[in-house]
Amino acid sequence: MKLRTFRIGGVHPEENKLTDDAVTQVAALPKQAIFPLSQHIGAPAKPVVKKGDKVKVGTMIAEAGGFVSAPVYSSVSGTVFKIDTVFDATGYRQPVIIINVEGDEWEETIDRSDKLETLSAHPELTPEEIVERIKVAGVTGMGGAGFPTFIKLCPPPTAKAECVIINGVECEPYITSDYRLMLEHADEILVGLELLMKASKVTKGYIGIEENKPAAIKLLTEKTAGNPNIEIVPLAQKYPQGGEKQLVDAVIRRQVPAPPAIPVNVGAIVQNVGTAYAVYQAVMKRKPLFERYTTVTGKKLKNPGNYLVRMGTPMRDLIDVCGGMPEGDNKVLAGGPMMGKALNNIDVPVCKGTNSITVLTDDDAKRKTPQPCIRCAKCVSACPMGLEPYLLATASSLHDWDRVEKEDITSCIECGSCQFTCPAHRPMLDNIRLGKSTVMGIIRARNAKK
Amino acid sequence: MNKLIVSLSPHAHGNDSVERNMYGVIIALIPALLVSFWYFGLGSVVVCASSIAACVFFEWAITKYLMGKEPSITDGSAILTGLLLGFNLPSNLPVWIILIGALVAIGVGKMSFGGLGCNPFNPALVGRCFLLVSFPVQMTSWPVTGQLTKYLDAETAATPLSIMKHAIKSGDASVLDKLPDSMSLLLGNPGVNNGAGTIGEICALALLLGLAYMLWKKIITWHIPVSILATVFVFSGLLNVANPVYSNPVSVLFSGGLMLGAIFMATDYVTSPMTGKGQIIYGVSIGVLTVVIRNWGAYPEGMSFAILIMNAFTPLINTYVKPKRFGEVKKEAKK
Amino acid sequence: MDFILSAVIVLGGIALVAAVILYVCSKKFAVYEDPRLGTVLEALPGANCGGCGYPGCSGMADALVKAADKGSLEGLNCPVGGAETMGKVADLLGMAMANTEPMVAVVRCNGTCELRPKTTEYGGLRTCTAMNACGAGETACGFGCLGCGDCVSACKFDAIHMNEETGLPEVDEEKCTSCGACVSACPRHIIELRKKGPKNRRVYVRCVNKDKGAVAMKACKAACIGCGKCAKECPFEAITIVNNVSYIDYNKCKLCRKCEAVCPTNAIVAVNFPPRKPKVEAPATGEEVKAEPAKASVESNKKETEA
């Protein structure tokens, strides 16, 4: 049987899943934990503690700063050292709360037992109650972008949700944190999915997993054998299948129209497996989001592995646990090599969206010299959104904003397939991003005028 | 201290390169090159070697001295242009004409527009057509295959294409009996039955091998060659059914530069459209134009003119034929 | 003979018909254009740089003519042509010239390769906008020059160039027309248009780093640390410190150079002044760290004077 996948474009990067057999370990507590106030899309959180305050594991230290926002919880117990700005991953300064770690004392409200709580055992959970608990626990998308989860569960009145799709694709090379999570916490993820389905009042749930994770597909298929409402969908391997729109296309054969449409406009709510797990923890165990699964990987790292990390742990600590930074000039990414962000500074903490820390070394770390475009059209056939990257890149570099807007630059999902496939090594996505952000600015200004 | 390297994503690359594609096409041309050595011997060696050498030299000299840039002849594009130009010439062409052809191909066809990636027309075809109109006698006398040691003094004969043209002009279908059978057209026909033509077009099978290799290595997509060949087959088949003075479609497919053009010249990255849809429009138009020029034009061969004409339309096709955007169907359905 | 005759008749006939059509069209479809528009346009430099805020010189000419009809040229200025051009235009339109002072683009960053060590290596597209979007650039300073030369490519007058040695752009005062293209091209807003000043003499703060003193100092030895000494020293209240950066208001500055002398990091520079006479009671520059960059800035002053 031919496996399902999305229908336009796509590329096949080398997998490099170095850590798919590495059982998740619990990372050591840091000496000092750093909590950025803006770990999600939307307004930054507002601090509710002050210097010198004692906090426990699971104490709220910053509350949501608006509707599209999420609170931040402490992952450690100790004293608030200061509320200040520090250099973030990009090298700019950002407000953070720094806590000196003392002991490991948890809030009493958190259920720390391993007992599996099923939805049928808790009929008192209404959809509103579930959404409220998710919102309070500060759960955001765990796949990278970090959109507050509860907003996705309350679609605009014009759209009606029909199914929840759990994203277990993990199409990025190197990363294995979602895969390990699926193997180690399959039951919790399935309960999480049921909670999400109940919260969004739908009866159908899918879990999309790429074929390169047969163990996860097998395990989850067995566990859902008696449940007709949940379907495990094995998908053919292709990047960027983990993109929301691509996943919806692959699983339920519906294409989300151009922005501002979102997946729920075609009836789908997409959540990452990490988010499903976090939802389970938040609703059933009353445990706010302060821990996550993270892969620390790289070809030259001595012991790459998967870790259960308290948020706020500096990335340098994790890299040191894995054998320290390799010799020479390296590139350290928060995320995988296709969409990850290169760090200016490795003292930044693990946040809600840090699914991986990837250390690229030697030639992998450097880009090749660009050559003239030979118009081979490989970027056009690789683009999963059906755009013409060569044209967008050229027009953006010439600042022809009207043209790029007409060519639908705002549909670009910045997956990097064009640049990945370009034989001339052109920095296409750099130019396209520039064009996209400028055009978005122009559109916003125009809408503001209206 | 170790520095951290930063840049925007993506940080991985598929290891494809301009060189890989250019040398891939050259590898795909090797079967045809070997076959041409087998059929034309010395003449083929001299013509191909001088054409490649001249193209590489002109590219190097022009980039270095006229454009003042670092020469980039290692990317293989000049070698490819030279080889394709050589393939489009008769094997008894004097070296000085080849030099002129190479200068026009590289100098006018490619570098005057800014070099690799900027030329609107296929440089090898610019060179060939320039020679065709400047030296019509030398460019249309085709040595018969099998004269391995002869170069300038090789005996010439009419090509299958000129036989077809003659049949149409005279309105006498029996002229077509002189055509070699399809099998020998496919294999190249050693020395008998008027096996004559340019260096590269002589063996259709070798060119098809090249096509298979390029498709396997994903250097080109099927759209252009398939659409050209199918169009020519269908169009000339219809003509053949309507009036037997037009040759049968299989012979048309295997004779002349059609294979060479459809597989290697029309698929040139720089001068062909960017989308699958556009490539099919481009291929079908080339097919129709080729048959029209071959049957009713002044020259027996129409492939190179057809490709050049469609090269000129490529920017237009690129402007109006867009790939299917993600989610587009939905949007239209809602309206 | 027949050939020649027929050729002459045919071609001549075509020419005649075409001429008649052209004549009729030019009369019939003529558009009235204010005659002043042409003359004003001629007086403008014709660079179409957009420095005036209008789309090219013809847009400016249109605006000038309309302004003249309303009675005042106030607020309209061609930064390229300067007072001379505006004077000409005012004469043509029979108006009084609006008063404008010559300006020049000034680069407010002194983070040379030496003073501001590189901490990271940027491997992407080499334009400032792309680098700025990617992060803080190659140094620890998140405010200073990125060194990819977006300003250089934005300049239509060849008046700004990268200095390979320092990695910073330098403005050619002779060529700079203060059109402001570089100001808007710089994603970090380092370049500012300042009054050219008498004899081209200017005093300004060559830093925009808003970090606290210690952090700024760690990133770049030439950073303004916001210590406020200059503001205290200034007798004309021209200096303000906002967000840890000192700023000199060029309308209040009287070019006394007192601030330059007290700046501990030499972030304040005075250009095109004659070299100071060696004074015995010159402000204490005893510390070695201070002495070094002081020399450097004198040298750079010389360079600018030569340029």
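Letters A, B and C mark the chains in the order given here, with residues in each chain numbered from 1 onward.
The rule is simple: contacts are C-beta pairs under 8 Å (C-beta built on N, C-alpha and C of every residue); 3 or more make two chains touch, one makes a residue touch a chain.
Treat the numbers as computed from the prediction; the structure is a model and nothing was measured.
The most central chain, judged by C-alpha centres against the centre of all protein C-alpha atoms, is A. Chain pairs A-C and A-B differ in how many C-beta pairs are in contact, and the one with more is A-B. If you average the CA atoms of chain B and of chain C, the two centres end up 53 Å from each other. Distance between chain A and chain C, defined via averaged C-alpha coordinates, is recorded as 43 Å. Once the centre of each chain is set as its mean CA position, chain A and chain B turn out to be 48 Å apart. The residues of chain C that reach two or more other chains are 119-121, 123-125, 130, 133-135, listed in rising order. Contact with two or more other chains is made by residues 3-8 of chain B.
For chain A, residues touching at least two other chains, in rising order: 329, 331, 342, 344, 365-367, 430, 433. Note for the complex: chain B touches chain C at residues 3-8.
Those residues of chain B that touch chain A in the shared complex are 2-14, 16-18, 20-21, 72, 75, 77, 115-118, 221, 269-270, 272-276, 318, 322-331, 334. Of all the residues in chain A, the ones that touch chain B in their complex are 8, 11-14, 173, 245, 249, 254-258, 261, 266, 325, 327-333, 335, 337-346, 360, 364-368, 371-378, 380-381, 383-388, 390-391, 408, 411, 414-417, 419-425, 429-430, 433.
Here chain A touches chain C in the complex through residues 87, 89-93, 329, 331, 342, 344, 365-367, 427, 430-431, 433-434, 437, going by the rule given at the top.
Chain C meets chain B in the complex at residues 118-125, 130, 133-135.
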